[in-house]
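Both complexes below contain chain A, partnered by chain B and then by chain C.
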Partner chain A sequence: MKEDLVFNLDHGYAEGLCRGFRSGILKSTDYHNLVQCETLEDLRLHLQSTDYGNFLSNESNPLTVNVIDDRLREKIVQEFQHLRNISYEPLSTFLDYITYGYMIDNIVLLITGTLHQRAIGDLLPRCHPLGSFEQLGAITVADTPAQLYTAVLVDTPLAPYFIDCISEHDLDELNVEIIRSTLYKAYLEDFYNFCKNLGGVTAEVMCEILAFEADRRAFMITINSFDTGLTQDDRAKLYPTCGHLHPDGLQELRRTDNYEGVRDVASRYPQYKVLFDGSGTNTGDKTIEDRFFEHEVKLNMNAFLRQFHFGIFYAYLKLKEQENRNIIWIAECISQKHRARIDNYIPIF
Partner chain B sequence: MSTSSIFRSEQMTLCQLFLQPDAAYSSIAELGELSIVQFRDLNPNVNSFQRKFVNELRRCEEMERKIRFLESEIKKEEIPIVDTNENPDAPKPRELVDLEAMIDKLDYDLKQINTNSDALRKNFNELTELKFNLAMTQGFFQQVDPNGNGMFNDMTEEITDETQRMTSGGMKLGFVSGVISRERMNSFERMLWRVCRGNVFLKSAEIPQLIEDPTTGEKAHKIVFVVFFQGEQLKTRIQKICEGFRANIYPCPENGNERRELTMGLMTRLEDLNVVINQTEDHRQRILIETSRLIRLWKIKLIKIKSIYFTMNMFNNDIARKCFIAECWIPTSYLEQVQLALRKGSEISGNVQVSTILHQITTNEKPPTYHKLNKFTQGFQNLVDAYGVASYREINPMSFVLITFPFLFAVMFGDAGHGLIVTLFALWMVLKEDYLKDKGKNQEVWRIFFGGRYIILLMGIFSIYTGLIYNDVFSKSMNLFGSSWKVKFDDNILLKDGAVTLEPNPRPYSAAEHYVQMYSGNPYPIGLDPVWQISENKITFTNSAKMKFAIIIGIMQMSFGVFLSLGNHLYFKHYYAIFLEFIPQIIFLLSIFGYLIILIFYKWTTYLAEQATDAPSLLIHLINMMLMSYPTDDSKTPKSIVVFYNHQRIIQTILLIVAVICIPWLLIGKPIYIIVQRKKKTNSTELVHQESEASNDIEMHEQNEPHQEVDMSEVWVEQGIHTIEYFLGCISHTASYLRLWALSLAHAQLSEVLWTMVLRIGLSMGGIGLGGVALFMVFTTWSTLTVFILLLMEGLSAFLHALRLHWVEFQSKFYKGEGYPFVPFSFQSILEEAAAEN
Partner chain C sequence: MTTSYLSKGALSAGVGLTIYAGLTYMLTNYGFRFDIGWFLLSISPYQWALIGIALAVSLSVLGAALGIFATGVSILGGGVKAPRIRTKNLISIIMCEAVAIYGLIMGIVISGSITSFMTTKPEELALKYRAGYKLFGAGLTVGLCNLFCGVCVGLVGSGAALADAQNSSLFVRILIIEIFASAIGLFGLIVSILQSNGANMSD
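== the complex of A and B ==
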């Protein structure tokens, strides 16, 4: 109660702003209109009548999906950074935590890119601006995880997460994926604890979302690791332990070695059983990833039903990202004249 | 009945236009200039990108984008955009192509120039960085070179030693030099140290001026650095780090002579580049100046074209008849002008054979509300519209508000001094109107004041008037015509105690033989006698007077409102409502409150000074009338509460009974009428059908209403609410008008407090020097407080109360305000909007 009373002192403006941003998220009628577009020009014309306004109007013809993607990302980054700039503690730390995830992605992107002999100059623009940090460009210096740690990451907030992966092995693709997963595990657990310590509604909302995120990662790691030579024990080390699956479900996931096994594990958890039941691998069916996305959207939308908490900032970012994915999906379908699956976007409202 | 009047909105006609495709464009352009036609969207279900002229719109948008680009380039160069106040016509469709080509070419040229000059500039910036790099590293190496001079510091010594050792050992000490932006320097240094495990030596110096970054073109602080290291492996690492930190690496010859040569070569190249850059800049400048002359006209033309196509997107395309069909609302009195414009449009397009057909159609739809206004009435209409736009053709209270609003404001704001300041301020705005019109467009508060300048002017003038009536000028009274009272007591009475009473009745005082006439017998010519200013019971007196004024004004305004509803009933031919609504309402209001006013005037005119104690107490009498209890007339009861005219009792009882009868009359009258009407209708539907065919559109509208068969219970509930609202409203609204007195009292008292508590301190200081300075300072405070508290705050409060009295107490008697405004298709307003956006 006391926190609710004083919440608006520091975070009221930011929350109001965020809720305002939220009302700009496209509605199902907007999507309905978007999928009817014949060309990207139509898409631009329609987006003009939404909250996006003139964000594409200074682009010269012909419009490409990449340009739309860049502008969409620019817009969301701008909004997030504005929120970050006006925020007070502990909201600013909370928002920083959100960016760590992007940092991990950027690091992995750069390392994989360098492994494939791509020039760093081409790779850097593809990094997510939210996860950018000063030393990011110099990441190519490192050949081993240990070097990566001592040279690049030691000054970043990711340093404590990296402790577990310091080794002298050369960086290769499997290694990178393991680093990503280990980092993510440590990051998620840390973020989870941070939210838990914040307490109040923030803890309730965020722990729910992060627990799902952790479980999703556990499922996906298991499914993707089937024929990759990753041992069960190695795999188990990558499971984030802040989800609902911990500890029993994770133990069982460790032992499974096919998709059916994963499905069995999931069937013991009602919320995941529904997701797995509704998915399939045949064409036309929704993939389990899509189902996870849908569930995530639902959780994020629920965050807006509560007041006086930080969850909405996280939820807004995630919803907006989903929206961007939707727009890009529709734009891709339009530009490639492949309209059969254009309806496979994930509606938000 | 004349179609246009100040009391009602314009009569509107719904018209269908049959436009020839060739003539449509120019016709719409003419209508856009005329600004009197409101088009209706005939394709509300069609997406914006599926409409007919979407390609034209897209071309316009593309051009607008290019124009925006040109404009931003012009602004970057700080070239003023020429504004000739010219208003070009919308260009013909074929001219659009020329315009497009022209803009395209400019856009292309400018982009070419920009890429060229960007490349040049990048080159130039790189060379500049190299120049600084050479110049600064020169310093580092020079420190190293003069061996054994003992002038250099420890670090260089170390390096020198190392150099010597290494060179002697056959190993080469390599170095990388470059330029990095200042904010990255720290972490760059740290990372170098970490990655190379301390086996490097970094020397750096800041470039003393801001230089442009070659990649971004922005000015930034930069640092020149040299990293000394040994071994190839370290070199690749260092290069990677440099790349990662976006440091630009420049070659730097080891040999001093080579460096000098490079520098010399660099200088000449820089010079050459400078010449080329200047030439491109000149060319660019010329193009931009040329563009800046035309860009405003282009923008206007484009906006016009765009709005025309946007409008044409709302039309129906009749393929069979090969024409566009548009529907629009036109004020009936403008039909001819519209016809003319359409003909002119056809002529311009060169299509004379088949002109545009304008066809008036009847409809049940509610037309939009359009008032013909000028800059004077606009402000007042805004006050009314803020409550609700008038229903079509109902009485528009604006023309009455025009006078009553400033008047009620002034009753509350009554002070001639404050009024004068307000008047002067408003007068300044009105007289300097043309000059001020374009000033401070972004200052919202100023726009509010300026928009209401005529309202403020009238409020000021009226305040001077009421100030004279109250005889209040900055809380002081003026003795303009000489008071009607003379103090003629002799000295021993005046010296005896603090207060004396001036008697209006001529009679002897203090046992003197003859009385002294203190009252001249004629009242002060206008307003309050200034003698009240020094009397102790001034407030008691003014309160009584102002309260009565407030009630009189209120009842008069409310009854006037009820009479206006009679005007509406007559106009809309709701004759039943006259008997079932208007008559009970007005009877109720007049039989209680109208009677009270009569009593007030009776009391004022009948009772002379000598009978003052016997004058009836109207409050008690009103209460007694309501309770029907009349005190017996004996010697014990005070004269003021017993009946004071013949048959008072019977008259009051009758009035009360009549008033009470009005309540059920209003409550059940209309619902019963509706029930009877419906019965009749079901008996003779055919008759009604014929009637409705014969009647004109407004009547048809009325006739058609019962077809929608509102549920009877709803009618009852609505009428019940209406009845309660009206009767309780009469009482509460009358009381509400007392705010006229309350605010006036507050204003007078506040300004008096300000005078006695602030200005008097200054006035009572002695001495010319000290007193003068003190008065000067106190006056500053006083005048500031007067402006901010009395003029702005009190003015705002009086304004809001006056507004409330009009919206709630006055307009609720007759005004529905359920209409929607007429928004004509107008180039002017579209251009203004576009200008406001920028």
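== the complex of A and C ==
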């Protein structure tokens, strides 16, 4: 109760602003208008009447999907960085934690790009701006994870997550994905503990969302590793332990080796049973990734139902990203004139 | 609640000393020295009355301040993307301000009853002490009631501003909640006036 009293002192303005941004998220009527567009010009016109306004007005014709993607991302980065600039502690640390996920993606992007002999000048613009840090450009110099750590990452906030990854193996394709999963596991568990220590409503809301994220990663790692050379023990090292599946579900997942086995594990947990039941691997069904996205959207929407907590900032960023994915999906369907599955976006409101 | 070792140590040291002092008094037959009645009588009734005024005004203002900052910040934040809420939501601020005014009124009413007395007769002195306690009680009542009322109106007003920014039909409904919250401050004012009635300090 004490947190309710003094929350507004430091974070009231940021919360009000974030809720204002949230009211600009596209509604189902906006999506109806967007799917009926014939060209990308129509799309631009319809987006002008929403909260996006004239964000595409300076683009030269012809409009491409890549340009729309860049402008959408720019807008969300601008909003997030404004919130970060006006925030006080501990909200600032919370928002920093959110950016660490993007830093991990950027590091993996650069390492993979270097392995494919791309120039650093091509790769840096493709990095996500929220995950940029000073030493980002120096990553291409390293050959092994140990070098990467000692030369580049030891001063960044990601240093504690790298402890598990240091090995003398060279950075190659498979290793890089394992590094990404290990880093993300450490980051997710650290974020979960941080939210738990914050306590109050923030802990309740965020721990729910992060537990689902952890379980989703465990499921996806299992499903995606069936035909690769990843052994069961290696796979088990990549499962985050902060979800509902820990410890029994993760043990079961370790031993499965087909999709039906994963389904059986999920059927022991009522919230995941529902998700797996509604999905399938046939062409007409929703895939399990779509169901996971839908569930994530539902959890993020619920975060806005409570006041005086930090979860709304995380939820807003994730909902905005989902909206961006939706708009790009619709734009791709329009530009390739393949309108059969244009309705497969994830509705938010 | 996280308490550090320092505060735990200080607390247990304090409790230990109190028990030691109490046992010493009791076991050495000097228990009569621990005299609450003497302590109360040696505090002048003026002290009680004036602390009552201080509590009335300061706690009311504290409640109003907590309420106004809680609401004001939400109006600012919500008003960035929904500028139409800015004027309508000032009603919440006015209701918080009313809480501070109740405290001011009671402060004036209580201070009007304070006059000097010269008597030394015990039966008349008793009446002066009674007046002092009544005024202290009146001030404490209105101060604490307004503190909680102000905080309550402020938090509800913050929710009202953010809800209004999303959907303008919600504002009037949440305003009804605020009116109920404001009523509890009024209860404090009424009881406090009844308490300070008849507190006569003159000879």
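The working rule: the second predicted complex is superposed on the first by the 349 of 349 C-alpha atoms of A that agree within 3 Å, B and C clash if a C-alpha of one lies under 4 Å from a C-alpha of the other, contacts with A are read in each partner's own complex, and residues count from 1 in each chain.
In the analysis below, a residue touches a chain if its C-beta (ideal position, glycine included) is under 8 Å from a C-beta of that chain, and two chains touch if they have at least 3 such contacts.
Predicted model only: the values in this text are computed from it and were never measured.
Based on the shared chain A superposition, would you classify chain B and chain C as clashing or fitting together?
fit
Mind working out whether A:13 is in touch with chain B, chain C, both or neither, as first, second, both or neither?
After superposition on chain A, A:13 lies in contact with chain C alone.
Is A:42 touching the first partner chain B, the second partner chain C, both, or neither of them?
Touch status of A:42: first partner only.
Answer with first, second, both or neither: which of chain B and chain C does A:278 touch in the superposed model?
In the superposition, A:278 contacts neither chain B nor chain C.
Once the structures are superposed on A, label A:21 by its partner contacts, choosing first (chain B), second (chain C), both or neither.
second
Applying the touch criterion given at the start, work out whether A:120 contacts chain B, chain C, both or neither, answering first, second, both or neither.
first
For A:139, select first, second, both or neither according to whether it touches chain B, chain C, the two together, or no partner.
A:139: touches chain B, not chain C.
Of the two partners chain B and chain C, indicate the one touching more residues belonging to chain A.
Answer, by number of touched residues of chain A: B.
Specify the angle subtended at the CA centre of chain A by the CA centres of chain B and chain C, expressed in degrees to the nearest 10.
The three centres form an angle at chain A of 50 degrees.
Which partner does A:4 reach: the first (chain B), the second (chain C), both, or neither?
In the superposition, A:4 touches chain C alone.
Considering only C-alpha atoms, give the closest distance between chain B and chain C in the superposition, rounded to the nearest Å.
After superposing on chain A, chain B and chain C come no closer than 13 Å at C-alpha.
Residue by residue on chain A, keep only those touching chain B in one complex and chain C in the other, then list them.
After superposing on chain A, no chain A residue contacts both chain B and chain C.
Can you name the residues of chain B that touch chain A in the complex?
Checking each residue of chain B against chain A gives 47-50, 54, 58, 61-62, 64-65, 68-69, 184, 187, 190-191, 194-195, 237, 240-241, 243-246.
Chain C touches which residues of chain A in the complex?
4-5, 8-9, 12-21, 23-24, 307
Which of the residues in chain A end up touching chain B in this complex?
Going through chain A, the ones touching chain B are 33, 36-38, 41-42, 45-46, 49, 57-61, 120-121, 134-141, 147, 150-152, 154-155.
Mind listing the chain C positions that touch chain A in their complex?
Where chain C meets chain A, its residues are 66, 69-70, 73-82, 151, 155, 158-159, 161-162, 165-166.
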